[in-house]
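What follows is subunit A paired twice: with subunit B in the first complex and subunit C in the second.
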Partner chain A sequence: MEQSVVIQEGYTRLKKTRTLFIGGLIAGLVILIGVAVTLGSADYTVAESYIAILAGLFPGIFSAPDLATTIVWDLRLHRVLFAVFAGFGLAVAGSVMQGILRNPLASPFTLGIASAATTGASIAIVLGAGIAGSEYLVIANAFLFALLAALAIYGMARYRGIGSETMVLAGIAIMYLFSAVTSLLQYVGSAEQLRAVVFWTFGSVDKSTWPKLGIVSLVLACTIPYLLYRAWDLNALAEGDEVAAGLGVPVERSMIVFMMIASLITAVIICFTGTIGFIGLVAPHITRMAIGGDFRTLLPASGLVGAVLLLAADSIARSVLAPQIIPVGIVTAFLGVPFFIYLFMHRRDA
Partner chain B sequence: MALLSVEDLSFAYRDREILSRVSFPVDTGEVLGLVGPNGCGKTTLIRCVDGMLTPGSGRVLLHGRDLRDMHRRDIARAMAYVPQSAGNQTASTVFETVLMGRRPYLNWTVSPADEEKVVEALAILDLGGLALRKIRELSGGERQRVMIARALVQETGVVLLDEPTSNLDIRHQMAVMEVLSGLADERGLAVVIALHDLNLAATYCHRLLVMKAGEVYGYGEPEEVLTPDMIERVYGIEAVVKQDLPAPYVVPVRPGQLREGA
Partner chain C sequence: MNRRCLPALVLLLLVAVQAAAAEGIPGDADGDRVLTRAEYVAAALAYMIGDNDLARADIQDAAQVYAFWDGRPREITDSTGKTVTLYRPLRRVVIFAGESLETLRSLGFDMEKVVAVDKYSHAKNTFFPECREMGNVGSIWSPDMERVLILRPDTVFLYATISTAACDDIQNRLEASSPGIRVLRFDCFKPATYPDEIRTIASIIGKEERGEEFAAFYESTMDRIRDGAAGIPDDERTRVYFEYWFDYTTVAASAGYNEKTEIAGGTNPFATGTAEYPVVDPEAILVANPEVVIKLAGQGLAVGGYAGHDIAALDAIRSDMLGRPGWSGISAVKDGRVYVIHSDILGGAQHFIGTAYLAKWFYPDRFADLDPHAIHQRYLTDFQGIDFDLASEGTFVYP
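Entry: the complex of A and B
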């Protein structure tokens, strides 16, 4: 009896740690958002920034100078929230892919989905729209190609039998193929087009707008509750196809649904941001190290880790060389990689 | 009516026939051992029985119902499966890994009753002390016992196991087989277990199904099935079978050694 009490108490402790971790992340994120909206080249104090936010929300009660309200609402707030949502979504997509493919290297980027999006954008920039052309053509093309890559990976895996290794191998092959297409486009493009393509690949949240934020949050609002609802199935799939099937999970159908959802989340984010690597790979690892692999808590927690990472990186990107803004993809890599390697060297249970 | 009954099951992978008209019943309280050389179709048979592979012909009846008419979740509540590999080396704890066996019953939350079932299964398999360790920190044998504990919390009438003792030392092999045959006795489980060790199979199984190249070569109690002639036909080796022990004991001998001794 003694031992059973110890075990159940241990599990209760684990659950408490998870709640604390998530609570801490939410608190941290709120503070970070609070700091991030005050950052920018226009020199407003923290208080002025908050009054401007409140003035936008409750125009009758609070009032702020029009310019301040415009700057905070039209330039900063959606960008900050976009970084939060994008980080959240990329991390959730990464968690799902790593889980169902049982591969710690799986992420939207190692699976070729991001490089396909880059190719889509490049095609639009070089062959279609030109650099002055419609921004939405670039976005739509990037989105389309990202989904195309996901379908291609799935198709190849299906043809060979849908093992997780086949999917990763297919993803890597796809990544090389699309990289080659992008290189070719860069080779034939003009200097200006080349610059636009390269800039797209840097990845940044510079181009965020309220409508774009709306689209991303809508997709997240539709998909993440579903993923959470099926958290036990994700847990079972992470143990292996055979285990999952034995536990009553329809393996093949679930793999397709989960891959498509993860791809959709990725596609809808990176078509607006360009390549922001690393978040989708690292956030799930950090979270698993901290609180283990139960998807019921892994999904929200790694989403929050992703949001904190991307927002922190973007805040640094905006302030280090202000008024110059460094693309956030560069910052995530510069700060994230050493941190990640540090974690790996000190904790072996990633 | 048998708890589980396999009727005329055939399975082919493209043109290659893996299973050919395999039939057997397993009753409540019975331990059935599947034996035969590598590649004889034991794993494929278990996968077909669990509904993971769809047989080309024949059928599997579980509680008299055709498996094809059953929902996956209902199958998982009636039949548990322990695969051959000792599981993935995840960051989950032993407790949570075993808890996953409750998946066919869980919606989202875990009740104290679910937790107690996990604790009980851990105790049965002598894993209580490892409950809060991570799976990746365990040895292969410990992981294998975790997989069996997970099958137990599934609370099914039928348990299928694919070589569950392959990574275990002799003490733990015995311990696992004791647990399984004890559960068959006490809870009336029907256990189907693929084994390489003929002597372990003879000691613990009520009946043996001997397979070679996808076909059934013999079916019956170990005393009837394990004969020198059968072992030569199925494995292509000479052996002596000692019958004066509690269970038949197979001693393989080097080619020609028997004649020299005679």
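Entry: the complex of A and C
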């Protein structure tokens, strides 16, 4: 009896922590978005920036100079939102992969999906230079190769018997293979193509546009509700294949579906941004340390952590050396690693 | 001693002896580094009756040294400041630096003496058609050293001030494996040093007169640009946004393209960037409101240049830029002063042609008499000696 009271109290406390954590993240994200739209080389005041936003929404009521409206609407807003959505998606994909593979190092990177996307992009950069619409070729190829890697992992795992260990090993093999292909392309490519490939691997949200934001948000809107709907199955899988099977979860099929969804989310984001590696690995860990591993809350919360991290990193990337922009992939690591190490060192149960 | 080692050792000694023999002027019997008339005649006669071990090529070299170098070795200083003593003319040349190759051709060097070139020059079928028949020794970053050695060059050209670590490494390996080999290092793409390099290379290959003519042609163009841009007050200089191959990537003070922009009288609002080619915030370009926009095509944006007569491709690049968010408000767009230029004529040895275009675009009135198109055609016809008609071949600038 006493024990159950203790458990109940613990659960109530956890629920409170979760509510606080998620509430705090949402508030933090909203504030960060509010600040990020006012940052930029054009020295608009906070008021000018917001009037420009309102002028875009209600042109009849508010008016702002054309240049301000253009800068805020066509250059800043979609970039800010793209960082939010991309961070959210990468973190959710990372959570799902770490969960189903029960491996704290699993992420789109360790599984070779990102290096496959890099290979796809490199092929387009090195062999497609000069072809009309080469930017779209890079995007399409990166996307295609990312999914190809996911399929290859799936194929190998299926042949060998699907399990978390086989998937991780297959993923690492794929990663090395694609890295070698990319290195070969860099070797044969010209200095300029090499530069373009390297820049792609830094990752950045510079190439964001409204249509690209639309595509990413559409994919997230289709996949994340489904993941949340199946959060209990993810919880069961995270406890082990036998536990999941015992609870009536179709293990193999579920793993494949989750793996493919996580790959799709990753692919659709990094094909536009290049490899932003760190978010998918660290955001889930940060969240688990704070509120535990229940996927019902872990998924949205780690998504929010990812969004905050990426948006903060991009805002710093745009401001520190303005008007130069540092690739955001570099800043994410600078920002996230100290925070991650701090949490890691200060929490025993990490 | 292992029996297999002996032949290898003998071979090594032979190679060393042969290499050592390459030092010194052929026929210089007393070794005083001066080939006198008597020594030359004696060597030539002995060769004719088969009484010495000189080869036909040695006698030819001796003749050249005697006739054109006054019988003495030639000392030249390359762009690294190193003095190299030439005991005989260039006969088998390997070139890793495409700009040096181009300069040699400008100076009328016999291209048959070039036995191998870097992979980039090798691939330029339109501009360097003769290179297709030459060996390909890779690039300075991944040189095919075996091929270099097999070709037994007497002279190798490398870069002087860029990629110095890679070039130093090649030089060290060459000097270790082939004593007597001459490594000459020039850049041939920097406005500050190119005229001197032209004259030095001309003297190496014994084409001083031609070198003077070419240097004068180069200098007259660059001086005309510098003089025309001199005296423009800082606040009246044309504000230029120079975009590199990649979108929103510009050039900072350390980049060669910035130097050429400034020589042509332009001022670059992003020159203070820390990276050589910084990516800038798109809104910073709108705020800077440039009067002229220059977009670089080539390599990273492979359209036009010598390889392609494709005006539509350059037009597409330009149209893309005009349609960027907010660009309709930029002065350069409003005034129709957005230009695309190909790196073939703004980088490398042809930078003076591109710089002339920049000057004309920045200050159409000041440079009304400057005709970059004519300069370009003269360069190709009179100096490069290639059959290339700019009216119907290649695309270098747009519009």
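Basically, the second predicted complex is superposed on the first by the 338 of 350 C-alpha atoms of A that agree within 3 Å, B and C clash if a C-alpha of one lies under 4 Å from a C-alpha of the other, contacts with A are read in each partner's own complex, and residues count from 1 in each chain.
The definition used in the following text is that a contact is a pair of C-beta atoms (placed from the backbone, for glycine too) under 8 Å apart; a residue touches a chain by one contact, two chains touch by 3 or more.
Owing to the predicted nature of the structure, the values given are computational and were not obtained by experimental measurement.
S.K.: Answer with first, second, both or neither: which of subunit B and subunit C does A:V168 touch in the superposed model?
M.R.: After superposition on chain A, A:V168 lies in contact with neither partner.
S.K.: In the overlaid three-chain picture, which partner chain does A:R102 touch, first (subunit B) or second (subunit C), both, or neither?
M.R.: first
S.K.: Would you check which partner chain A:R195 touches, where first means subunit B only, second means subunit C only, and both and neither mean what they say?
M.R.: Touch partner of A:R195: subunit C, not subunit B.
S.K.: Could you say whether A:G292 touches subunit B, subunit C, both of them, or neither, answering first, second, both or neither?
M.R.: Only subunit B; A:G292 stays clear of subunit C.
S.K.: Which partner does A:A238 contact after superposing on A: first (subunit B), second (subunit C), both, neither?
M.R.: first
S.K.: Tell me which partner A:G246 touches in the superposition: subunit B (first), subunit C (second), both or neither.
M.R.: first
S.K.: Considering only the touch criterion stated at the top, classify A:Q3 as touching first (subunit B), second (subunit C), both, or neither.
M.R.: first
S.K.: Identify the residues of subunit A that lie in both the subunit B contact region and the subunit C contact region.
M.R.: none
S.K.: Where on subunit A is subunit C touching in the complex?
M.R.: Its residues touching subunit C are 40-43, 66-67, 70-71, 74-76, 129-130, 132, 187, 190-193, 195-196, 199, 204, 206-207, 318, 321-325, 327.
S.K.: Please output the residues of subunit C touching subunit A within their complex, sorted ascending.
M.R.: Listed in rising order, the residues are 120, 142, 245-248, 270, 273-275, 277-284, 286-287, 299-303, 313, 316, 325-326, 329.
S.K.: Give every residue of subunit A touching subunit B within the complex, in rising order.
M.R.: Listed in rising order, the residues of subunit A that touch subunit B are 3-4, 7-8, 10-11, 14, 102, 229, 231-233, 235-236, 238-240, 242-243, 245-250, 288-289, 292-294, 296, 349-350.
S.K.: Taking the touch rule as given, give the residues of subunit B at its contact with subunit A in the complex, in rising order.
M.R.: Interface residues on the subunit B side: 47, 50-52, 71-77, 80-83, 85, 87-88, 90-93, 95-97, 100-101, 103-104, 106, 108, 112, 115-116, 119-120, 122-123, 128-129, 131-132, 134, 136-137, 147, 151, 154.
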